[in-house]
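Some structures to go through are shown next.
Next, two complexes with chain A in common: one pairs it with chain B, the other with chain C.
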Partner chain A sequence: MKEQLISKSRLREIKKSLDPLIAFQYIFSYFYLFLFLLLPIATIIQQAFLYNGAFSLHWFQKVFSDPDFFSLSPRGGMFFELHGDTMYIWGIDHGYILNSLMVAATVTISASIIGVIAALIIARYDFPGKNVFRILILIPMLATPFVNAYVIGKFFQPRGGLLNFIFYDVLHILPWRIDVNGLAGIALAQTLAFYPIVYLNVLASLMTMDPTMEEQAESLGAGGLKLFRTITLPLSMPGLAAGATIVFIFSLEDLGAPIGFIGYSGNPLARRVMSVYVFDDFAAAVTGAISPITSAIAVILVTFAVTGFLAIKKYVTLKTYATLSKGGRWKPRTRKLGFKGTALVYPFFILLILSASIPQIGVVILALTDWAISGLAPKSITFEYISRLFTDPNVVRAISNSLLYSGAAVLLAVILGSCSTYVIARSKLPGTDALDSLLTMPIAVPGIVVAVGYFLFFTGFFRGTILDPLVDPALLLIFAYSVRRLPFTARSVFAGLQGVHESLEEVATTLGATRFKSFFDIVIPLIVANVIGGGILTFVYSMSEVSTSVTLGALREDRGPITFYISQVIYGTAAVGTVSVAAALCLLLITVQVIALAVSNYILKQRVAFLGI
Partner chain B sequence: MGDSLDKKVIIALIILVIIIGGVFYFLGPFKPAEEGIVLKVITRHGADIQEITEQNFLKSEVAKKYNIKDIVWLPVGPHLWIDTIKRSGDVDVGWGGGPVLFDVLLENELLAPLEGHGDLDAVLKEIPDDISGVPMKRMGSDGKVYWVAAAIASFGFTINKNYLTERGLPEPDEWVDLGDPVYAKTLPSPSVAVADATKSTSNTRMYEIILQKYGWVEGWKLITRIAANSRIYDQSGLVREAVVRGDVGVGITIDFYGYTSQLEAPGIAKYILPKDGTLVNGDPIALLVTAKHPEAAKAFIAWILSPEGQKVWLHPSINRMPINIKVFETEEGKKRADLKENYEKTLKVSTIEFSDELALSYEYSLMWFFHATLVRAEQSLKEAWMALTKKHNEGAISEEEFNRLVDELANPHKLVFIDPETGQETTFTQEYAQKVNDKLKDPTFRDALVKAWREGAEKRYKKVLEMLGG
Partner chain C sequence: MVKVSLRNITKRFGKVVAADHITLDIQDGEFFTFLGPSGCGKTTTLRLIAGLEIPDEGRVYFDDVDVTDWPSYKRGVGMVFQNYALWPHMTVFDNVAYGLKIRKVPQSEIKSRVKEVLELVRLEGLEDRYPHQLSGGQQQRVALARALVVEPKLLLLDEPLSNLDAKLRIEMREELKELQKRLGITTIYVTHDQEEAMVLSDRIAIMNNGRVEQVGTPQEVYRRPSNLFVATFIGRTSVLEGVVTAIGDFVEVKIGDIKVKGLAINEVSVGDKVYVVLRPHDFSVRKEEEEVNMLEGVVEWMAFTGGLLEARIGISGGKILVTLDDEVPASMGKKLRVFVPWRNVIILKA
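So, the complex of A and B:
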């Protein structure tokens, strides 16, 4: 007798769930995610594993056997090497793959240490000024693509940079000048940019932790380090693991820091990471063809990222995530810090915030003064660059492109997010777990991989149509944003749905309403705030999206968004003082982000725990 | 709860409306034009040139006469021009991008002859056929004009006097000076700046100049020494910025970047026309066979070449050399006496014998060989060069020994590698470069050849390092 794969009652359940609305939402969600996420990635995977018409590891063998990509012995670089009066700290080259991994590991560890310490202090101690620090510590989250590395480069410049001027020329504390660049520069820039992610995640864990655990341990005699080691740290592992893994992924895929350093100084080591390799090859896509080696590198990138993602999947998918937030906040166990404690904490935070905010402070100075050409310090204030935001045709076009793409992407993300989360929350259809993963997976797929996948897939199967990026990348950029930033909307909407009890819809059904009607009349109005909150986040992070914007966007300059324009300017194609215009654009992005995040926070309040991205 | 929710919704809706309003505000200028002709121009010129040109042209008599209401610009990368032109099927004019690009278009039968139009025929007579032996008009095999230069440009380098003085470095005045070991003094912080040939068409042009001036072997040896002395950027504009900022003492640049630097950093930055010869290029404008409005397009082209149209080059952030000298008689022209001076210097510059055909025949090979041996292998090249120049500058090795080692380091005929297709051992001769030039368009072959070149280069850089006992 054939075994029944699905029990009769299960079948009945499914049939009950299946009405036109759910069916449409289910099919639409999967269709969209297939077309704009899975199939493009599959195309890359296919090219990477194909050789002479058959499945083969040929390209991977080629990559791993080439020391330019993978070399256990050093191939060059300088790490604390003194030449003349300058100490060079660039990092050691071990090939593209190992370089990326080493940088990512360094960034993850450093960001985690900083994030954990900061989170512990904020979560467990009370001291004057704490709330100010709490906000200021998040400044690095304000995206300043490319210009951040430029500012750091300018800051660290051996001759004419502020750091060297202060510590070497004036104070004579350092015996030599410092030149931080290359892999070390990238790691520094990324650590300062990404530590808030770990901080926020660990903080969330600490805040939602059951305080009685620590209390009981204390009453049994455990204190200080032992308490931290045996109770606090393990319980905050979910937050730490999630934050650290996300930082690892972000570091691997980041283009902003490497391009910033390459643009600023032409440093040979800053080029030698995987994300730049893929980016460079993309730029050389002469006849619309991408080399299989690039696809292989993209596959390697995705593999590392997705592996990390799967490891923390438990902590980031919608269902667990919503529970995390529902756990709510216990009354936090905080202790007042004495004088000694405060004396230690203040320098830590001040130093951290100042150094982490160098990019943002630098952006403001670059945008509002002549610092770009005045040398060591700015000499005069000017609003010329800000005015270019409204008068320079290049800039205006980039801004309107960004607004258009981000706006359209939000619309799509909201529709897709609402449909798919409704299916997950309300229906008992098979495949909802997979859908759940698919909705959050975009966090794990490096943007540059999405770009390559879109290029391969859409030039291959949609050549000559409006979806062909060589004809016009605008549409693809919109879809790319909507998919890459989908997790924000999905999360918010799902959390909102959690707050709408099923019984509300059931009552409507018993009164004769179709599911369709109850969805639009009951559910939507109750989750509007979540939709808007999530939509705002999606909008903000679409405006500052980098990887697909600078690759697909580069295929037609007049279709490029703000981040593309900034990357071009850091590459100096346009005329005078344009780094300052790029900084003005970053200032615009920062302003939009601050407003949007404040509004979104206000609307969402505590309804959605903030995973920091 | 309901009240606060309403308040929040209202705030959010207000913000949404602001955003949408902003979008429409910004999209305003992009509303489709009313009936009348819309010219479509594919171009490599930046948006500043597009904007000024559009403003000036649309209010001109010519535009009114031909009922031209708008210009749509297609700023597309050079390698995508042919694809774009064929696919769009309705592009009228091509403008800017260098003579090589337009010669390729001509080869692909995408250009239409510039004739049979009163204004155009008249202004063409004012445009010189050539400058210093370099063609400013391209004739087809039928003797008709297919493209004409709308601006001219020379190639040279821009120096930062302060940087050079502070470090006791000489001011270069010839291409060959840039490869001098004295500039290696500041390594690992290079004092020269160049751009990657695979990323900059203007820099590629300059490497072509060096190759044709000094010959294949000596040319590559010089290019290698220059790259070894240099920071290698991904865009020509960055080279200029590095010079202006004082990060380097000299950067190779096209002339208008040089002139712009002089305005940005007066008294500090200076553009130098190399004494050992340079090239004066005409930057073309042409009519495309796909033009839907050929008469209006020809009128536009005639206007661009007229003193009125040429004024765009005089703008203080553009600083290009015009093709029509009568522009200096206009009001704006009289204000740019500095550009007129530069223009006259350019006409007198010593140009080298240059063959566009030869340059085209190995252009891809040049680009990727540069990338493979000088950018991908940059670290080992600089390591060897630092050791070599140190010994030379200290006097620890003789001039002959130095030259011998430079030959080992950089002679293309001594770079041994295996051709990925034939499996045969070969060296990088000019013939080989011409043979593989087109094949390099295939990414798989290119990857393999770049790897072979890179490995060959790294091997010999290490060999030189060993020979120095380093």
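So, the complex of A and C:
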């Protein structure tokens, strides 16, 4: 009886929530996310588990019994092997699956260590120049898809590489030339690119931590390492867990580093990761089919990624994020660093920032000089490559494609983000928690999986239509961007909604405004800065999106966006173009990114902008 | 104006019952207050009347019309929120004019009506300011003007004075009372401040844990509280426990070694356990009339509070708090004898 009463009142609650606006927003959000996120992934899963028309583990058995994919015994490679005067650090091949996992684990651990140390120093100590380091440490976040690994390869090249030249040939510090390439090269490039993710998340945790937590422990006699181990680290665990997991997922799905190394040196070990396997198979997809083995690999990728995501879900949902991003309620504890401390901190940061910025520095040099063809060091400055951005018809087309796709994706992400977050923030409908998860989940779904899913789903169910990527991938790229970069907009808008007290809308309804009217009169004007801020981030990260761009985008060359063009250059298959044009394109991406972040940080005052991923 | 009737209204939030079978009538033109501690359900009840929440059970009537399922925007009430809920992106004028624009009132009439209502709340000349450029008291008045300008049948006020400093609060309270009487608008007020409730209201509903404990005029709830919660929530009290020994015009109660006469609120019979509720201000040191109780004990604690002396006296059967003239010769550890008229002694069944 009681049970029934409660469910009856729940029904009335739902009925009340379902005014036309909320109903539309709710249905639209779920429809969009089902069509452009869940159903494509479901199609992959279906193909992977289907054999001769029945459910089967056939493809997985095939994958795990093939040493090419999964081998506990080493299948070649060189790891700290000395041949002649060169030390080869390439990594050992254990098949695609284990290789990917080993690289991802290595990157996660090393990025975590670097990120935690950097965050601790920045959050807890004061020293001259701290604010400069604070900004410079984020340089690796600037997008240099593919070119980053190319540049690292160029630096580490045993003969003619700048590092080996300086430290072996000139300074004689190194006993041998060092060749970092293959799996080890990928791990190095990814660590340097991804540690800021851990750094930012841990820093956010440390900054929002109530300083009395540590002060209380200190007053009870805990100090130094003990304090760190018992109080500081456990309390910054949410940030560390979220950051580390995201790094793990990013490493698994990354195409930029492997393709960069393949492009630079053709190193066979750089091919031996899951993401490249899927990518290579995709290249054959123009003929109209993707092998079930690729689907099985995609399922494995998405399983790892989604498991990781579920583990950290409670740290990355919109609700958590909104509280985290407020921050600054108290002045964080900092202490002045003495001379000895400063003498330790400076070399750490300088070394870290210098090595992590190699790709960005390299991009600038490549784009503005003749370094690509001059050998060891650049000989002259040239604007030829920059001017190609405006004159080369293929480059211009790639740029305008990217602008068009990203712009349209932002529009969709803004509508979807506003609708869905409003439902989550204001209604008591069932399924709002699931919607919250769905909005954040694209962080965890590897782009390459999205690409495979879109291909299977839309060639399967929309064959020959405008949504068929074999007919035209442009629309699908827009949808892919809008979903993949949705979390940026959703988080920002949700944070804005948290700041709009519900009473502001309620008072409008008591004055006679419907929910629809109060949404546009009251809510939208108050969150417009958040909408723009989130939209800017979505735009920036859509422009530099790699995974779907180089796969779906490859299905019709005239529809390829910027990153597709860069990958073609680096991969060595573009008809015309040199790596310097790719670098010039990266420079363009970096410029867009810097301007956008500056706008959202300084003009819109969105602290959210840089926070996390 | 309108008469509001609640019939068996119940609202639960998960396991918490915010409104528990509330039935009461608020008369046309009445200033009615829901008073209670935080979390007692008074704001929820107000929101149920506004249509911002829908009840799990029960009905809401405006002038005998069932409005339970009407959405808020159709009910025609004016509401002032605790945080004022002024829209930060609109000027004072736009805030106040909003309800009129929704009602498609012609532009020229909007202008004159906004002007009028701003004069009413003494804010003329501030039309172009933004909320953040106003003081707390001014913001409160904008919120009030915004609610009043649409000429609502019913005015709902949710702790509108609680964010103001003490002095301004008293000023605004007088203004509000005066305005309400002038407009004759049915007003429902929510507060946790019993003094505010006393000063403003025609009638008060005292709420606790979602239930209405008592409805009555300020005098009734103060002098004739229907239970211990109301007795202790309204005004300061000392509560002693005793047993009824005799019943006549008054009820006689034995507390420890002494006997006290008082007025029983509920039916009691000899031998019943009862609470004896005493208010500090009812005590004096002089015996002024015949029917008084005399209590004597040692002063355990005392303090001067400017013109008045507060003291705690340990008597047989408990401790009592008394407020006396500060010229009374009392000192710590010394005996003191105080008197209280029996009509002011409240006796409640335990």
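Everything below uses one rule, namely that the second predicted complex is superposed on the first by the 589 of 613 C-alpha atoms of A that agree within 3 Å, B and C clash if a C-alpha of one lies under 4 Å from a C-alpha of the other, contacts with A are read in each partner's own complex, and residues count from 1 in each chain.
In the analysis below, contacts are C-beta pairs under 8 Å (C-beta built on N, C-alpha and C of every residue); 3 or more make two chains touch, one makes a residue touch a chain.
Since this is a predicted model, take the numbers as computed values, not measurements.
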Look at where chain B and chain C land on chain A after superposing the complexes, then choose clash or fit.
-> fit
Could you tell me if A:L511 is touching chain B, chain C, both of them or neither one (first, second, both, neither)?
-> second
Partner contacting more residues of chain A (chain B vs chain C) | B
Touched partner set for A:D179, first chain B, second chain C, both or neither = first
In the overlay, answer first, second, both or neither for which of chain B and chain C A:I522 touches.
-> second
Counting only touches as set out at the top, which of chain B and chain C does A:L403 meet: first, second, both, neither?
-> first
In the overlay, answer first, second, both or neither for which of chain B and chain C A:S503 touches.
-> second
In the superposed arrangement, which partner chain does A:H58 touch: chain B (first), chain C (second), both, or neither?
-> neither
Min C-alpha distance chain B to chain C after superposition on A, in Å, is 6
Intersection of chain A residues contacting chain B with those contacting chain C?
-> none
In the complex, chain C residues that touch chain A = 12, 50-52, 54, 56-57, 71-79, 81-83, 85, 87-89, 98-99, 102-103, 143, 146-147, 150, 156
Seen from chain A, its contact residues with chain C in the complex are 5-6, 8-9, 12-13, 16, 19, 501, 503-504, 506-514, 517, 521-522, 525-526
Chain A - residues contacting chain B, complex | 66, 68, 75-78, 83, 86, 88, 93, 157-158, 160, 179, 262-263, 265-269, 271, 281, 283-284, 286-294, 373, 375, 392-394, 396-397, 399-400, 403-404, 407, 464, 470-471, 528-529, 532, 536, 539, 554-558, 571-576, 579, 595, 599, 602-603
For the chain B and chain A complex, residues of the former touching the latter = 5, 8-9, 11-12, 15, 19-20, 22-23, 26-27, 29-30, 46-48, 50-51, 73-77, 79-80, 83-84, 87, 187-190, 193, 198-199, 230-242, 244-247, 260, 263-265, 317-318, 375-376, 378-380, 382-383, 441-444, 446-447, 451, 454
